[in-house]
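As written, the chains take the letters A, B and C, and residue 1 is the first residue of each chain.
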Amino acid sequence: MTVVEEPVTSSSLYLEVQQFYARHMQLLDSGRAGEWAETFTEDAVFAPEHAPEPTVGRAALAAAVQRSHEKLVADGEVRRHWHGMVDVAPGPDGTLRVRCYALIVGTRVGGTPGLLMSCVCEDVMVRDGDGGLLVRERRVTKDGVAAPVLP
Amino acid sequence: MTVVEEPVTSSSLYLEVQQFYARHMQLLDSGRAGEWAETFTEDAVFAPEHAPEPTVGRAALAAAVQRSHEKLVADGEVRRHWHGMVDVAPGPDGTLRVRCYALIVGTRVGGTPGLLMSCVCEDVMVRDGDGGLLVRERRVTKDGVAAPVLP
Amino acid sequence: MTVVEEPVTSSSLYLEVQQFYARHMQLLDSGRAGEWAETFTEDAVFAPEHAPEPTVGRAALAAAVQRSHEKLVADGEVRRHWHGMVDVAPGPDGTLRVRCYALIVGTRVGGTPGLLMSCVCEDVMVRDGDGGLLVRERRVTKDGVAAPVLP
């Protein structure tokens, strides 16, 4: 088994994705909705399986996070999104396919942290004009919604 | 204190180990028992301290995961194995010694995620014929089994 | 958006920080107080917002961890500190500014793991004489202490 076919390139890519997610999630959890939306392409599709329909485009993504953050502030709750077990597969067309795990930890004022959600996150990432990464498609599968199956 | 003696090589190795664990754990949690077993050497030894005896060899590893996954499917439970705080030490003989933390998060259908286990995982990794990584030995120490001691 | 301005250098730095934190936290959780304190500068300032005052200097840091670890051993509790979502920003003066998330997982003998704390950790790191990394300043903000605000 060869884990990475082009080690040097993939090493650099792998790091870049990790650093990207760090900033991406810190923007999200800080409620910086507009800056967070700019880490997606203008026409990005965010599709959680447990949502009735996908959120499409930066404006809608920013508005959704703005609303969520206002509700969290009203509830006195801080949330932290963690990505881990990040598997990065560069595609032949310059896109990246990422499959990783996600956890959401929530803490209310005066309370103790709780594990709110465990998910699988599948991203398609592309390069913007400056060479930076942007998410073009995100599919989120929340654990506990569908029953697990044999492979 | 010098964290890495050969930064370039070690950087590449460190990434490769992270990417390896991502795929390794995603195979495990998907119940892809045979493919998961192939990320170990043919004669690998998997030794959780809390198990009565180690599991030895790919066939036994695959069979154990197959049984576990069938039980999880029957119970409607999804598990996610996270590795973190990964410390990689390359040995003079080309092996890698890894010591990291592991968490297991479990979610039943209709339920919320729970923290099932916290462990320390110690791996000895080697290269296969194609240059990819394989686990040759794994020792797992589960928190809460033995009382902590002064160092 | 350019995620990393100098990809090669930053890739190496990013890895070095991850490996540093792995060893740093494993020393902490093993109660190896003196070795842990040596991953800080001699005059380091460790300032958790929820503590009455910062801990300053290696000797005080080592003594604090020594006391904490003795209490944990007396209580039969193992703790694991996880860092994640690590955002590394190299400064013009050779320092690194890191902002990341931290989780503390605790397990008592015979018990199951619990999520004890969720934090944001902000480090200023510098190079020692051998080129290794040391923490010069650490600021920790514990979730649940202050109410979240709009950005």
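Quick note on the criterion: a contact is a pair of C-beta atoms (placed from the backbone, for glycine too) under 8 Å apart; a residue touches a chain by one contact, two chains touch by 3 or more.
In this text, all values refer to a predicted model and were calculated from it rather than measured experimentally.
> So chain B and chain C are the same sequence; what rotation in degrees superposes their CA atoms, nearest 5?
A turn of 120 degrees brings the C-alpha atoms of chain B onto chain C.
> Could you label the chain A-chain B interface same or different, taking same to mean over half of its residue numbers are used by both chains?
different
> So how far apart, in whole Å, are chain A and chain B when each is placed at the average of its C-alpha atoms?
24
> For chain B, jot down the residues that touch at least 2 other chains.
11, 15, 84, 115
> State the interface residues of chain A toward chain B in the complex, per the touch definition above.
Per the touch definition, chain A meets chain B at residues 1-4, 7-8, 10-11, 14-15, 84-88, 99-101, 103, 115-118, 143-151.
> Provide the residue numbers of chain A that touch chain C in the complex, in ascending order.
My answer: residues 11-12, 15-16, 18-23, 25-26, 30-32, 38-39, 69-70, 72-73, 76-78, 80-84, 105, 107-115, 128, 130-134.
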